[in-house]
Amino acid sequence: MTLLDVARIAADFPILGRTVRDGQRLVYLDSGATSQKPRQVLDAEREFYEKHNAAVHRGAHQLAEEATDAFESARLTIAQFVGAQTDDIVFTKNATEAINLVSYAFLNATLKAGRGMSLPDGAQRFVLAEGDEIVVSEMEHHANLVPWQELCDKTGAVLKWIGLTDDGRLNYNDLETVLNSRTKIVAITQQSNLLGTINDVGAIVAAAHGVGALVLLDACQSVPHMPVDVAALGVDFIAWSGHKMLGPLGIGCLWGRAELLAAMPPFITGGSMIETVQMDRSTFALPPKRFEAGVPMAAQAVGLAAAVNYLNAIGMDKVQAHEHALTSYALGALGDMPGVRIIGPLDSRDRGSAVSFVVDDIHPHDVGQVLDEHGVEVRVGHHCAWPVCRRYSVPATTRATFYIYNGIEDVDALVSGIQSAQQFFGVSV
Amino acid sequence: MKLENMYQEIILDHYRHPHGKGLRENVDAQVHHVNPTCGDEITLQVTIDPENPDRVIVSYDNQGCSISQASASILFDQLNNQSIQTGMTAVDHMVAMMQRTEEPNEDVLGDGIALVGVAQYPARVKCALLSWMAWKDAAIQAQGEESHA
Amino acid sequence: MTLLDVARIAADFPILGRTVRDGQRLVYLDSGATSQKPRQVLDAEREFYEKHNAAVHRGAHQLAEEATDAFESARLTIAQFVGAQTDDIVFTKNATEAINLVSYAFLNATLKAGRGMSLPDGAQRFVLAEGDEIVVSEMEHHANLVPWQELCDKTGAVLKWIGLTDDGRLNYNDLETVLNSRTKIVAITQQSNLLGTINDVGAIVAAAHGVGALVLLDACQSVPHMPVDVAALGVDFIAWSGHKMLGPLGIGCLWGRAELLAAMPPFITGGSMIETVQMDRSTFALPPKRFEAGVPMAAQAVGLAAAVNYLNAIGMDKVQAHEHALTSYALGALGDMPGVRIIGPLDSRDRGSAVSFVVDDIHPHDVGQVLDEHGVEVRVGHHCAWPVCRRYSVPATTRATFYIYNGIEDVDALVSGIQSAQQFFGVSV
Amino acid sequence: MKLENMYQEIILDHYRHPHGKGLRENVDAQVHHVNPTCGDEITLQVTIDPENPDRVIVSYDNQGCSISQASASILFDQLNNQSIQTGMTAVDHMVAMMQRTEEPNEDVLGDGIALVGVAQYPARVKCALLSWMAWKDAAIQAQGEESHA
């Protein structure tokens, strides 16, 4: 197996040195919700505050220059990480805001066009007519579903979705039947946070672009875990969060094709995103600034760049291989357990490290509670992907997610924790 | 093991053999509450006995973890056929016990005092309270109906 | 003079120990843009990451419990700081988002009502009809102007504003002429970030509520600098940023009256703000969660609570008295300088510590450059309040802003820096 | 004092006595650029001599700091009556000098090489470049007009 040197990596993460529930070793299997942060990231953020802190892009004094430079250098580092141009990366507070930014571009373009207000060149692409269609999939996180429901509710556009197969994959047949010339955007995840499924982006892009629709890729569960290159993907937007990839809380990213970002009206408006302001009208800056109103989260950008450097030093291909090995091992181990059913693909092909499962006759909350008592921190519930639970007729699941600081022994701890739960609740297996 | 504090035998009994589960027709109020973090849900109904307004019939159907299921079963034991006043007192006390501002009082909660261990797991408090908050909501609605009638 | 023990306070701020431009002492007079952060705030944030980091409100394991508890305790601390109930505080990424949240509540309520979509009880209050009016003032920061321009552009509402007097105050006469029964909200600043003017909130609230309009107060420059109590103010919303009050970047706050927040449709949508989600429709959580979609900035909330504790330990009345003393001194010193003109009230009555000025025959950029060379970090430009510059016929100003770590010697450094600029540019005075 | 690096005497001279300031009527292209952080602005016009397309007349009016004013005055000296090609080369070199990727070349920039000190103050680079970017924008527009004509 191509595993990383987990002990060495874990030593960089202060929190992994602590214990939980009366002295249990912390087995953190909830990186799919948020990852832990290495010292290097915390140091970078702190150094920004202790040496260079100022409001970026607003001052001409030395601190402001340094802060602006740190912020924009961070943008460059992050852009390069996904093969993007610097100016095509917009910082948001999280992936959720990034996705909303695009959904609101549609709303705002539609409203302004409707009232004959001035719009950037090319904004027509974002103008919706009654009956235009938006396509998502049934495996979306709420963050990539609810904003589109809302957009439809407010514009008269219609939400459609691509279904799932019984074995936890996208139903690619739906691409043909669901997409059509009225489809304006296909918003879909690269990797399901509940099922672990990795989608065939190429097939989706081909189908979407074939009918003239844009593609927004929810990359929350891919950018942290595998090499991602926006050019190779061929999509139009990707959105992801910093906090799931060793970075600080409070920062997310939207990448968009330059000509699309340029064509989009602003979302949140205020200072720093303007070109000129008069009492009765304003004009707006070019992207990315147009979408970054207010004093931005510069320290968090610097921290995220440090996270990128940390991951680059390991190598994203190695990160992916490590997780793949752990996932294969976990699928095997859990698959062998009586009374345990995996929700999602059973084989590790095109599959990330989110492993969701149900234990017969024990509610996920109760499974999670017993695991927690053993120091094994997993997530229980619908994982913000409630429709997936409905699709597979489970009220909720227990979910383990792995990252660079997890090793085989963590999977073993998971397995023995599940056994304890079965014993505790007297479930005969 | 600390787990036993939360999962006392009496809780597991209620969970395995819930009391009073099942919905009725023609009720005065019906509410549907969910725990948005985990998807647990309960449909809870109250019917005020027309002969005796101090007798409030409780019926419910639910889905969820051992704590939320046991808690509903206990609620049924405690509040079925009781007055709204009694129920409100019990709800208030249950909430206070979960917030650790009151010591468990068996006279008010019956088997419910066994839920005291849940208070140490803030993320599970909602499970324990789901049915109780639903009852409160339904009772207020039923009372409203009553006074409009 | 009732000054704080500046040396003791400054010792808590690591950045104040550094020098700028070849060994000059750092004289930081740009806290109006963003404040510096004390060790206590940085420590609190770091401790969160090193000990309790998890996605809040999403997990049931011990770390998630601790993180959620830290986050919600922070909300309580911050709420109490402005005399609010905990659940009436919404966390945003900055004040700009907080103001947009309210402007988009109007937009979304209007659109959903127009299409007969379900809305929270009481949402009618936020539904705009063509020709309804929004009122701001001429001294607003772009953050409290552009969102309302945008709202009007998209709904057919009309933007009106309260003008300014020659001596830098609100023209209160306009309250009578500008407000009327069509006014839906008056969005106004408590303290101008350019002029320093503190507005008479009581008079504004009386006039606005008199015609049935809501009042949103931009408290960015007041919450950090004086005691603020939402009940005493009588307004309906206040918005402010954490980073101007010793807190981290990346967090802002909206306070709203409980019944108004409850009546508002969501803004940014996604995970954690829902009650139930199906593929074709969702229902939403109660405030504040309804407005906090996605994994929130928990570490920053914890840091902001530490900032509140720091300020409480000093006492906001003392903070205010300190700044008042410095401002009086600065107004006197600058007022005496030949060739220096203050833009804003000349006396320190109802006036905060933002002191803007122009120097005859030297552009603010050039003044700022010379000051920077002396280690005096001020802001130059329009300070995101471009209409104020137009109102007083200056292209831009130089602005000094004071905070708890500034002393008399900092004002003296400012004065001598301005003299240097006059010498350097050969301006005869 | 480092200030002298940025504010060389020659810059201050241009600032105090700007060359060529003032707008014309009937121009081929006119643009208005602003520096959104400070509000500095320039209106810049170009007119291609109909007799000699290699002779491009520059006119402008502006408001701003010493650097942006001096830079516009220097631009006038360098680019007035020059070809678009010469101008584009100069703009590219000015940008490169500000990004510190090229050493100042007096043949191309004339007095403009005195602006090299600005490159050390990133927040001021926009002031130095404001007029040059405006010229580029106007020149492209004028050329477009030309080729449409």
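Which chain is which? They are A, B, C and D, in the order written, and residues in each are numbered from 1.
As a working rule, a contact is a pair of C-beta atoms (placed from the backbone, for glycine too) under 8 Å apart; a residue touches a chain by one contact, two chains touch by 3 or more.
Computed from a predicted model, the values in this text were never measured in an experiment.
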What chains, if any, are shared contacts of subunit B and subunit D? A, C
Check: interface with higher C-beta contact count, B-C vs A-B, is A-B
Which integer distance in Å separates the CA centroid of subunit A from that of subunit D? 45
Per the C-alpha centroid definition, the whole-Å distance linking subunit A and subunit B comes out as 37
Would you kindly tell me how far, in whole Å, the mean C-alpha position of subunit C lies from that of subunit A? 30
Do you know which subunit D residues sit against two or more other chains? 37-38, 121, 124
Shared interface positions of subunit C, touching two or more other chains: 21, 58-61, 64, 274, 276, 365, 369, 380-381, 386
Residues of subunit A defined as touching subunit D within the complex: 57-61, 64-65, 68-69, 274-276, 285
Touching subunit A in the complex: which residues of subunit C? 14-15, 18, 20-21, 26, 28, 30, 33-34, 36-37, 42, 45-46, 49-55, 58-64, 92-97, 99-100, 108, 111-112, 115, 117, 138, 141-147, 149-150, 153-156, 159, 161, 241, 243, 248-252, 266, 268-274, 276-282, 293-300, 365, 368-369, 371-372, 377-381, 384, 386-387, 390
Mind pulling up the subunit D residues that touch subunit C in the complex? 1-3, 6-7, 12, 37-40, 63-69, 121, 124, 127
So, in the complex, the side of subunit A touching subunit B is made of residues 21-22, 363-366, 369-370, 373, 380-382, 386, 389, 395-396, 424-425
Residue positions on subunit B within touch of subunit C in the complex are 34, 36-38, 121-124
